[in-house]
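All remarks here apply to the structure that follows.
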């Protein structure tokens, strides 16, 4: 059953059309992540769903009801903001109770709800404190708690982790995931951090300029991006892109400079073959040294920069005049200036039409 | 009944005079609620007008009688006193009758004149002239001649407050004193522009230039500060209305002994008879309306007139009372009043607007030596021409 | 999809009734803006074309009141004074306010004390300010007297009694009262500037005064705009101070437009003339205000 | 590769103190910079304090001393008589009870005026900042325009307005007038302040089901102390010091203190009693001054929070 | 030759001692990264070097000169700030030229310097723009340019990338590294992002509460942290820590629950053996499934959460009652709830004394 449905949603700020006739269906209990660069309209979409912005056109359904013109509090949603937006002058308890009091819930019931949420989030010892006395992670939990107590169908998160440092972010990410496992609510989660998106999402919607580019599971999006934009956006370090010409003599291949990459193993999804194409391969799909020998395609590259990143090392190299990055083990002995042998399986690559930028 | 009375009489002599009214009114079983607003008519009048037009008027209010309240009367905001006036026969007792005329509009009487003020007085300090070693002058020309001596002795020849109306008052006195009655009438009554720009008038402005030189260095603001300079002998003289008398009195000075007063600058002994009048805005409460009439009646009564005017140093508006207690100066005034050498006051002949223009011109002239008498006369004539 | 077909589309509500509470709450403001400020202004403008005397009367006489206004030397002096006072107080307020703020921003000791000293005059009314300064500047008792009796006989400092400089005498008092607030605004603005900018300038070897002039001041534009609005509104309204200090004197040397208007309305009992003066003042205000409103609302929507 | 232990044991090099400057840069208390800064500030302080000093000193002198001496000289013989006179016995017309009778009137006028005007202006600012509805900016611009209108100009239209409302001459009329004229600048302050409150807070409260008033009272108000202090100070100063409205829109029995002050100062009995005038001036200014001294720190904080953002 | 030397540097804010008798020598051309949590005194140290803070005690040498009391502009340093601190009302060119103009450098020389810096940083097309018209990365480059034109010996960077989004951060990181290769200036770089530290640094100084904990190459710091703090601080996801007892019966081992990890392959650096110790192993040093079989230590774990992160997948599991994370390939088929076999080589582990927290 769909939990949230958006039909032809259009939103304008004055003459600026931020969301363009957008459609989206989210299943009950699904964890959907909206991912996209800054300014693409993620927050705007979330605010529309929450009812915090008056939409220009279209309809919004939550739990089967048309809530297009309902008040935010009547939509059965809870929202967690980037800055947490805790009410600074209330205690944690007050923060949690505020929404319930507004709904005129009896006192004992409020207490019960708060107790349950506090237990789930393990913030019982904090209930009497004010937000200023909490650490970033604790604030974050309180903010989630505020949505939790209201017993809503849909949770909306607007970059809830981006104000935290890397370590805490990693921990809370897991907590949110655990929470989702436990509660099984529908969750819509905005971020521009792809690690968050990949780790949390059941499905990811990649947005750009108010339009959803691809809506699919993390695995599909990562491995089979539908267009060049998605391919480039996902993955850090980013995919290597090499422009080349497609040839079909005996077998399909892509050529650039004096290099020829055979494509017989590549799973084409389209039957037309444009002449110019862009070949993309992720740095982590490239092997190096001894391991490269077994790959269907091998070549020599000159190493320019070696970036040790602890667990792994990223190598910036040049492949036949083109910049080419690949990832090796953290203990790798590669040095800048050396030449290395690399190899990869074109089956793991993505190829895009140079003109339309769509996947071939 | 409590009646609120607003006025701008707050100096020593004035306040004492008002107290007489209040006492008399309280004696009738009513209560005088004093609404004094200091700072002169400029501060007080907006309050009065606002309150009257705002629909929450006081029970009685001071105006200079003349044209100041004309429009309020026309707008029907003022209590008609005709009935009371007829009953008490005001027409017969008010002297000069022009005072009552100023209260009359379309044959109805709207105000009670309470005193006569004449502005054309020159007050001279005996102490100052003694110090300078010149006899106390008997008229304007002698005074002007004595001025350099006064200066030498470190005495301010002529005291003049900064407020614009004081300069205009000085001008009025010089005009009648130097220019004479005919010229005065041509200009002020007939609004004769030719006369205003003529040679006679030029003399007046020359005299004003003399006055300007004599007043140079006088830094005080208020009229009674200037009067105080005369009282203390730091200034030779001041041209001020008869109300200055009250200040001399408060300072326990004796006319003829400590100071001399010269009506009409000692040249042409004419006095213009302006004065203060009380108006009674219409009130809804009938009880108050009755009390208003009592107040009006009290103000014009003999006893009140005597008590009030003695304190204030002004002349009573009734010809039928005997001011034996009056001092030297007041008696001079009463004599002139009796001879009928009277003129209407500026407030009666010119609108407040024109008066203000005169004020501005005169105060500018008195303070700015770069304005020649000729320039001033030209501008004066222009105002006369535009006057309504 | 089940949802689209079954659920009845909820009606788009009428625009006027969205955020009803907000609109109701804004009614006092809307009424004030429309009835008092707009209404009063229009009423004033309309009656400036009439011959109203003591009471407003719809007795239209065209532009006569304006002709008289502009031929009146008092008005001209008032305008001239306003321009002098306005420019000087604008420049001095900003300069003094900024310099003081910059000094206080040097991490000095007793900052609170100094700030309070500079700010307290703002708590006093113009009447009080005018009175005190009248007293201090009085040549017979005040500074001039004191200096002279200390032996310097020829010393002369009597701004309130000298036509040529009387407006500066008023300026001294005006600045005394107003610069404290400006200083506070500037101080707040300075504190809002990114520390790193200062550091960057120091690393670049730029002397402090240059940093202020070329970097900090340009960055404080919003503060200056707010400050300008506050100073300018004070200048246009200048009235009480003049009345308390000089009543427009000596002569009419320290007249200002607001006083001209007041006098015309209540002393001369010539409302029409007063309204004409007001209209001219309002016009001047609009000239100041329109660029501000444009900057405030025209350029950007919301930041 | 560095020896791990070297971190804990002092490095060979580091023990050797090299020549040249070491430690804190020497700072002289009397550097040219400090002389300039404190010198200027002290000089400026003299300018700001001089009038207060003159007021206080003069108010403690007797008239003869004033006439003879120099205004800056401290009183030879301290007398509190001028204070007593200013407070209790100075005359205006017939009433000889000094400022005392105006004091309570002023309090009665100031308290409700301040409360009402701040209440309205804060709601306005809140509505403008957080609930931007169509046309709000237009009204706001007009309101700011109102900040420039000289009070004298509006005297007449307001008389008419109050008359039509039927509250002319009542305390409420005066309160309304103060509210109206305080509105532009206060609304500007509040609007700027509320704009700087994170919008997310407002959104969170809406999601929590709070309405316009709920958000205002429960969220916005509790976190607006600094700006309320600023508004309070400005408004107390303005209302307390007001003379024109107090005298034009009320009656003698509720005239504020400033009217008595004006009367005392402008009623000259022979010579000006400067000592009484000064005492009256100080007494009248005392309330706003105290408010300033007490809450000055919050004032600056509030200004920083509310006024500076354009 | 040392380029920057710091001797016994102490800095107090009032009574708060932020830097405590700190010593540091930086070689010419070295890229030193100061890494540490927020508030540990990194920026303070940098500001002391730059002369922006008056130190309380100690000495600072730059290029052999004692600059302890010199003005910032005389120290031969250039600084890049977190917020860039560009002069907003000047064009890019103006920003670059301002310091030079102020030093009364001739016009043509200024133009030349700017041209060179602009070329190096590839900001030629931006010279006429104002900072507000630049993107984050461009601003960053201009900020570097401002230091560059002044031709200084030492570059100081205070978290120059932390205001940028992840993608841009990765790109600029490489650019800074290339710049260093080209210019060979001494660079001191403050960050709290360990990836930045690992990729950029020749040496990393890890700070905590104003004290340098470890100063070494990235490789050493990552693989041989001197204490528990450094071990926990470096690496994301963080190292697994397991408390246990050290036994020495036949051979050294660490025991917890019913698990025993043999330590004969572990390179002890100290000879004393405390009873209680903490055993640490990085998630990426753990193998899973078939690969685990070959490792010296193997065990079964229950999988709790699986976080796919694109290239890799992080698995949160439980090893004998303790939380245990390990990293597997991005394509791994592991599911939450399953049991998996893991293994690792204790030689790659780090063991710390529980009492002193120092490495054993």
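A few points about this structure:
In this document, chain identifiers A, B, C, D and E correspond to the written order of the chains, with residue numbering beginning at 1 in each.
Keep this in mind: a residue touches a chain if its C-beta (ideal position, glycine included) is under 8 Å from a C-beta of that chain, and two chains touch if they have at least 3 such contacts.
Please read all numbers here as calculations on a predicted model, not as lab measurements.
The chains in contact with chain A and with chain C alike are D, E. No other two chains have as many C-beta pairs in contact as C-D. Greatest centre-to-centre distance from chain A is found for B, with centres as Cα means.
Note: centroid distance chain C to chain E, computed from Cα atoms, is 54 Å. For this pair, chain B with chain D, the centres built from the Cα atoms lie 42 Å apart.
Our note on geometry: chain D versus chain E, Cα centroid distance of 51 Å, whole angstroms. Rounded to whole angstrom units, the spacing between the C-alpha centres of chain B and chain E is 92. Counting partners per residue, chain A has no residue that reaches two or more other chains. Shared interface positions of chain B, defined as residues touching 2 or more other chains, are 46, 53. The set of chain C residues touching two or more other chains comprises 18, 262, 265.
In the complex of the two chains, the chain C residues touching chain D come out as 15, 18-19, 21-23, 25-26, 28-30, 32-41, 43-44, 56, 99-100, 103-104, 106, 108, 112, 114-129, 131-133, 135-136, 141-142, 145-146, 149, 176, 180, 184-185, 187-189, 191-192, 221-223, 225-226, 229-230, 232-233, 236-237, 239-240, 257-258, 261-262, 265, 271, 274, 278, 281-282, 285-286, 288-289, 292-293, 295-297, 302.
Taken in their complex, chain D has these residues touching chain B: 91-95, 155-156, 159-160, 162-163, 168-170, 247-249, 251-253, 259, 262-272.
Chain E meets chain A in the complex at residues 37-38, 165-167, 170, 173-174, 177-178, 181, 192-195, 198-199, 218-219, 222, 234-238, 282-284, 305, 307-312, 314, 316, 327, 330, 336. Contacts from chain B toward chain D in the complex involve residues 4, 6-7, 9-12, 15, 18-19, 22, 32-40, 43, 46-47, 50-51, 53-56, 58, 222, 224-225, 228, 231, 247, 250-251. Partner chain C is touched in their complex by these residues of chain B: 41-42, 45-46, 49, 53, 68-72, 75, 162-164, 219, 221, 351-353, 355-357, 360, 363-368, 379.
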